[in-house]
Amino acid sequence: MIYLTEFFSAFLTAVMMENLLFTRAIDIPNLYKKRSFQQTLIVGALLTGIVTVSSIPAYFLNGLFKSHAAFVPYMTLSFLLLNGAVFLGFYFGIRRFLPKLFSLMEKFLPFYGVNCVTLGTLLIAARLSSGTKFLSFFGYCFGSGVGFTIALLIMWSIRQKMSLSHTPKTFRGLPITLIYLGIVSLALFGLIGNQLPA
Amino acid sequence: MSFFHWLATGSSRGIYLEQKKEPALSKPALPFYSAATLQSQPFQHGFDITKPLDKKQLTEIAAMAHIIDEHDGKALAKKLEQCPKKKISVVCADAIDDEPYVSSQINPLLHHRLEIVQALNWLADAFEADSRFIAVYKNMSALDTKIPSRIESVEVRRMQGRYPMEIRAFHDLGSDTLIVGTAALLHLYRAVTEGRVQTTAFVTVNGNCITNPCNLEVTIGTPVSQLLERCGLSLDPSFVVEGGAMHGILITDPEKTAVRADTRSVMAFHVDRKEQLYNCIGCGRCIEACPVGLNPQKLYQCVTTHHLQKAVSLGLNHCIGCSTCSYVCPSRMDLSYVISSEKQKLSEKTEQ
Amino acid sequence: MNLTFVRKYNRFLRKTDGIFTHNPLLVLGLALPLAVIPSYGMTAMVAVSAAMLICFVPTVFIASIIGKRVSSPWRVILYPLISCLLLILSRSVVQRISVLIFDTLGVYFSLICVNSLLMYSVEQVLPKKPLDALAFALRQWVGASLVAFLCAVIRELLATGSLWGITVLKDVPRLPVAQMALGGFILLGFLAAFCRLVHRIVLTLTLRAGAAQNENDLADKERSETQK
Amino acid sequence: MNSTIHHAPYIRHTESSRTIMSDAAIALVPLYFMSYFYYGSRVLLVGGVSILTCLICDWICGYLLQRKLNLRDLSAAVTGIIISMMVPPAVPLYVVVAADLFAILVCKAPFGGTGKNLFNPAAGGLAFATICWSNQMFLYTQPLQRLPMQLDETVTYLQGPTATLKLGGIPRLGLTELLLGNFPGPLGSTFTLIILACLIYLIARRAIKWYLPVSFLIPVAMIAAYNHPFGVSPLESVANELFAGSLLFVAVYMLTDPATTPKYNISRILYGICAGILTMVFRYISPLEMSAVFAILLMNALAPAFDCFCEWLLPKMQPVNNETALDEGGNQQ
């Protein structure tokens, strides 16, 4: 039972407290593209999949780095290689097993493979104080993937209303996106109070 | 409309409008004849009235008297000719005025009851209709005269309904009913008894800048400006409307427009609405008011931001143009004008 | 604003394409994490932009050299790998700026090697020749770090009233929220809106100049016809 | 006839958006009387400053955005009143002004003015002030003490009952004190009886829907009753939760802002329930006392999603009378 609470506490902190997009401002390459509801879910599922799959080997690598302090500068390199390997596995896997999905997002698949979200989550989870236990490491990575999908859904929902109303010309497009990202991050900051997350 | 639709959108097949019919309804129709009516020669139809008239004779009289039915603007004779093709089981006299301020059909019924009922009986006997009734709008509040429930053996049925009620009420009656306006019945009675040609029409003159609003029996062809002078203008009207306050057509030049047989009302309104500066505050009242259960606010936004595909998916083609959403909108936005003109453009585009 | 000035101004804009017209941070919205979080203070911002110079510009240069030979899934792994190696080299340079830079920056220092600005410029640079690619990368870097530097100055002044740690404004009430993520988002949003406003004003001026020019031509033509 | 073109319905409903704005303002003004009775004239100073900054800011932004100055648009005044209601009575003025500026300049103007804002400006302003100056925002004073206009040392600052609730303690407040708001709390949002009366007034004036505040309060009451602290009966814990603090005020005034709530009945109910659950989640996790404001901001972001869900659900749930709705609409044309 205690494992479950460990997993869920890490999961909840990753989803609500330290949401990737709103409190840590980590984005994927074309974040502001117009996506339908299904496309948002597909992108979110892909990111969550890659992060959770790559979090298992990352945990053992992290154990290695914790013991030998000298290799710390190479941690990003190793996580990047790991992330790349998992992404290639996904890429060729989707090409073979799900050709329809593959043809649907042919051009953008590489962008959703290796980016700030996937690598960032692994690095943040490695720095976590409770990173030593596997379940909280895995829960944190899975939670941040799900948290990022929820963030994309929130952006999709805001876009539904914004596209129908006349925002002033100087704020249309990117400026208004950044402002409402700021306001939602203000809302989520209510959870953390006013300390500054690293 | 299913219960779920009401639960979801809260729209309840339209809203009740306050009718404000009162000063015009209870006063009898005042004659306002011009030379044409006074000099019109009565004609001899040659049938004796004691025996019950049959279909052919009635259509002939209607043709000679050039009666035009103000319920749908068609000639009464042509309507009666088309009837023998299908069996008529119900004959209904239309006295429903669900547009606010307008009482041009209920007024002749109240003040010429016997003649109209007599004409209705002739028609019903001629067509061997099983039942006959007079349809009157139920949700009229603050009336001075009491509307009877029966006029000597003909039942006055009080049809209940929310605003765009006339179309829906007659749609539910089914296709084997003959619906004739009360004014046409009155003209038929006069043609049969005195052999008079129809030269007049019943018009309500109303509006917030008319000094004494009333119903007039006007010769067809008199210009609208004379009507307005006849009833007196207390303010300079912002606009004059012909044919009902919710649906009417704007009269740009009252001198040139003439009263036709099926004009039901002439309204003069003075609106001090300064250039309205509000935009939609999203109160959702138009969603509750829409009788077809659409979302006028989102349609308006889709149309103004050129998302036509989304508007069509939200049901732009189901809009019946009843303009209740603009009536209810607190920010005075022209929702129904924008939506129905967009629908017009779309249907023209699809036809090409 | 007559048309000659407009032509000169447009040529200047084409020359500084990445800095004023297509600024990666304000107009394209790339490199969000590097613009919003590290710009809480000038020290962090200078460290990040120095690291960006060292690892972003050479990677884009190499990308233009490699060009299309590498297929797209492999390319997405190769260039972050290169920039990550360069990042390890740049650690020693950044160390000299301030001692505790790595724990304040934390994750964001190592995110430099994967950010969306890199992904975007690598795709843009493929058809270009190496020298143009280098100029393009430099312009992007200058544009990004200018804006980030401006954000850092504003946020640090607002939040702690200090610049590079030295307190400048003493009695002004502090706004601690400016150093949080939301301060960065909203400040960047308003800067982007201001940049859009300037762009629109310049556009209307050039259009008006163009219109004025047409009237002059019409007037000259009529004068020439009347003289004939 | 004047030149402006008039379109199809030539008569309009008597109620205009001015009346809706004045309804909201009328529903808020009685709270000022009660707080004047409790805290003295400083309340009017704070309220006046807040309303003025909001109105002036809104007019300037209105002019900048649409070039048409509409002096009769009072929606910013309502925002100003709500912000002045939720701050403590002895709050320094720059906090209120900063909250107003943030509310109008960031939450309302960039989105396009009165009807187009996505987030409730009052909620945004208060969230900003709570995060920036969280200690000034939660220092209350004992009611029935006359507060001097200028703050000097005679003012004693106290912790409100929400602070004890947050620490898991039990604020021993009788029901009458809770209903009358006779405990150290925000300026105007603790007078439960008056708020309930204004709620009934608003429902009667059809300005808000009754099921929105109710669907917000039910999950809050259930969760509060479910994990009540040890020595307290569930009912008392519910009363403490709802009335000791500004939760009821938020439910009646901020949740029902017409521009930011979804438009369909079902999505409104879902919106209220999710907002209630989120408020309780925020209340237990976040270190700040007043967490309803943050939950509402987050829910405003999700409101369009509820609308789209409802639109997606509608055709699905009525396959049978889809034809009748279609042909009924169709042949009427």
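Which chain is which? They are A, B, C and D, in the order written, and residues in each are numbered from 1.
One rule holds in what follows: a contact is a pair of C-beta atoms (placed from the backbone, for glycine too) under 8 Å apart; a residue touches a chain by one contact, two chains touch by 3 or more.
If you're wondering where the values come from, they're calculated on a predicted model, not measured in any experiment.
Trainee: Between chain pairs B-D and C-D, which one is joined by a greater number of C-beta pairs in contact?
Mentor: B-D
Trainee: For which chain is the distance between its Cα centroid and the global protein Cα centroid smallest?
Mentor: Of all chains shown, the one whose C-alpha centroid lies nearest the global centroid is D.
Trainee: With chain centres set to the mean of the C-alpha atoms, which chain is at the far end from chain D?
Mentor: Between chain D and every other chain, the largest centroid distance is to B.
Trainee: Using mean CA coordinates as chain centres, what's the chain B-chain D distance in Å?
Mentor: About 46 Å separates the centre of chain B from that of chain D.
Trainee: Quick one: report the Å distance separating chain C from chain D, using the average Cα coordinate of each chain.
Mentor: One centre to the other, that is 40 Å.
Trainee: Between chain A and chain B, what is the gap in Å from one C-alpha centre to the other?
Mentor: Comparing mean C-alpha positions, chain B is 63 Å from chain A.
Trainee: Round to the nearest whole Å and give the separation of the Cα centres of chain A and chain D.
Mentor: Whole-Å distance between the two chain centres: 33.
Trainee: For chain D, give me the residues that contact two or more of the other chains.
Mentor: Each of 106, 110, 115-116, 128, 131 in chain D touches at least two other chains.
Trainee: Which positions in chain C are in touch with at least two other chains?
Mentor: Residues 176-177, 180, 186, 189, 193 of chain C touch two or more partner chains.
Trainee: Scan chain A for residues touching two or more other chains and write them down.
Mentor: Those would be 165-166, 171, 175-176, 179, 182-183, 186, 189, 194.
Trainee: Could you please write down every pair of chains that are in touch?
Mentor: A-B, A-C, A-D, B-D, C-D
Trainee: If you look only at chain B, which of its residues touch chain A in the complex?
Mentor: Per the touch definition, chain B meets chain A at residues 298, 301-302, 304-305, 307.
Trainee: Considering only the defined contacts, which chain B positions touch chain D in the complex?
Mentor: 1-2, 4-5, 7-10, 100-101, 167-168, 171, 237-241, 245-248, 250, 252, 267, 269, 271, 273, 275, 277-285, 287, 292-293, 295, 297-298, 314-315, 317-321, 323-324, 326-332, 334, 336-337, 340
Trainee: So in the complex, the part of chain A that touches chain D is made up of which residues?
Mentor: 16-17, 37, 153-154, 156-158, 160-162, 165-168, 171, 175-176, 179-180, 182-184, 186-194
Trainee: For the complex, give me every residue of chain A touching chain B.
Mentor: Listed in rising order, the residues are 163-166.
Trainee: Considering the complex alone, what residue numbers of chain C touch chain A?
Mentor: Residues 26-30, 32-33, 36-37, 40, 72-73, 75-77, 80-81, 84-85, 87-88, 91, 103-104, 106-107, 110-111, 113-116, 119-120, 176-177, 179-186, 188-190, 192-193, 196-197, 200.
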